[in-house]
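Labels for the chains are A, B, C, D, E and F, by order of writing; each one numbers its residues from 1.
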Amino acid sequence: MPIVTVEMLKGRTLEQKRQMAKEVTEAVSRSVNCPKESVKVIINEMDTENFAEAGVLRCDKK
Amino acid sequence: MPIVTVEMLKGRTLEQKRQMAKEVTEAVSRSVNCPKESVKVIINEMDTENFAEAGVLRCDKK
Amino acid sequence: MPIVTVEMLKGRTLEQKRQMAKEVTEAVSRSVNCPKESVKVIINEMDTENFAEAGVLRCDKK
Amino acid sequence: MPIVTVEMLKGRTLEQKRQMAKEVTEAVSRSVNCPKESVKVIINEMDTENFAEAGVLRCDKK
Amino acid sequence: MPIVTVEMLKGRTLEQKRQMAKEVTEAVSRSVNCPKESVKVIINEMDTENFAEAGVLRCDKK
Amino acid sequence: MPIVTVEMLKGRTLEQKRQMAKEVTEAVSRSVNCPKESVKVIINEMDTENFAEAGVLRCDKK
């Protein structure tokens, strides 16, 4: 029943998400020894004006 | 002060959300014995390309 | 597949959690029209030194 | 490496978010004694139909 | 900068967590095409009395 | 009603948390223009075996 949430910036293609969901699920299932069917993956996409590092919004970063 | 977050796929109507917020708040308030005024509910809606089970994105599921 | 996370202060009994899980699941299932089997509930308990309102930790509140 | 998530209703300007990211990062860095570079801030904006207090959606509040 | 949070029940060994962190990071880095250094993994472990499916706490499941 | 969650490694003193809750609340209140009373802060502390960067658990980092 692991629930995996991935927070990342917007801009990935559907194919990248598809690949990520598949590979992350396999990685969790293999390392933690649980059936793939029990793994859920949630993708949370952020706008560049909603993420900051070192106090600077990503949309302001040069 | 319970804070309840509900993550679910997009597609519910406003009336369904309204009902859910009301009923979940009552359920928490009753079972945990706190005033309804202290319960907050956050709804997080996901696109079908942002949720996967068994490594398969919901938008790819047949 | 709704995933419900409840954040609240420590101190509830097992019986209160049991009741809450049951009632919240029914409330979500009924209002959003999904099978009870698809609803997951996660309880996140906080110490009173890990929650603040108005800038004051709960453990400091008189 | 503190990761700060701020959940709030939609409607703030870019300038307000910019200021918030800056000030929150400084507050965390100062009080917890870590470099500003290690602080990340994620802003999660909610629609008024996705937040409820006392069982009432914000969009229904008069 | 993907931030990956894995919520799962307590009981995994340190070696399982170590393997999971490594493999999940590689899976995200590869599929989303970002440096491994930018991937963070947070593990959130739950007690069996803090997780429910179908309204039944895991600790009550036979 | 901003809800601020701070995820960080264990090891901060009560005084550091107290200071952080106070300063973060003021920072959010000031920048986003909302009453301090409406700001909530949740602190989520992680063990060093539950956080990884670049695929390496913090407890394994030299």
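The working rule: a contact is a pair of C-beta atoms (placed from the backbone, for glycine too) under 8 Å apart; a residue touches a chain by one contact, two chains touch by 3 or more.
These numbers were taken from a predicted model, which means no experiment stands behind them.
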item: Steps in the shortest chain-to-chain touch route ending at chain F and beginning at chain A; value: 2
item: Taking each chain's C-alpha mean as its centre, the one farthest from chain D; value: E
item: Cα superposition angle of chain D on its copy chain E, in degrees to the nearest 5; value: 180
item: Cα-centroid distance, chain A relative to chain B, in whole angstrom; value: 20
item: Centre-to-centre distance between chain F and chain B (centres being mean Cα positions), rounded to whole Å; value: 25
item: Shared-contact residues (touching 2 or more other chains) in chain E; value: 1, 3, 7, 22, 24, 26, 40, 42, 51, 53
item: Chain-level touch network, classified as line, ring, star, complete or other; value: other
item: Those chain pairs that satisfy the touch definition; value: A-B, A-C, A-D, A-E, B-C, B-D, B-F, C-E, C-F, D-E, D-F, E-F
item: Of all residues in chain A, those that touch chain D in their complex; value: 7, 46, 49-57, 59-60
item: Footprint of chain D on chain B - complex, ascending; value: 14, 17-18, 21-22, 24-26, 36-37, 39-45
item: Footprint of chain C on chain A - complex, ascending; value: 1, 3, 40, 42
item: Contact footprint of chain B on chain C as seen in their complex; value: 1-9, 12, 16, 19-20, 22-24, 26-28, 30-33, 51, 53
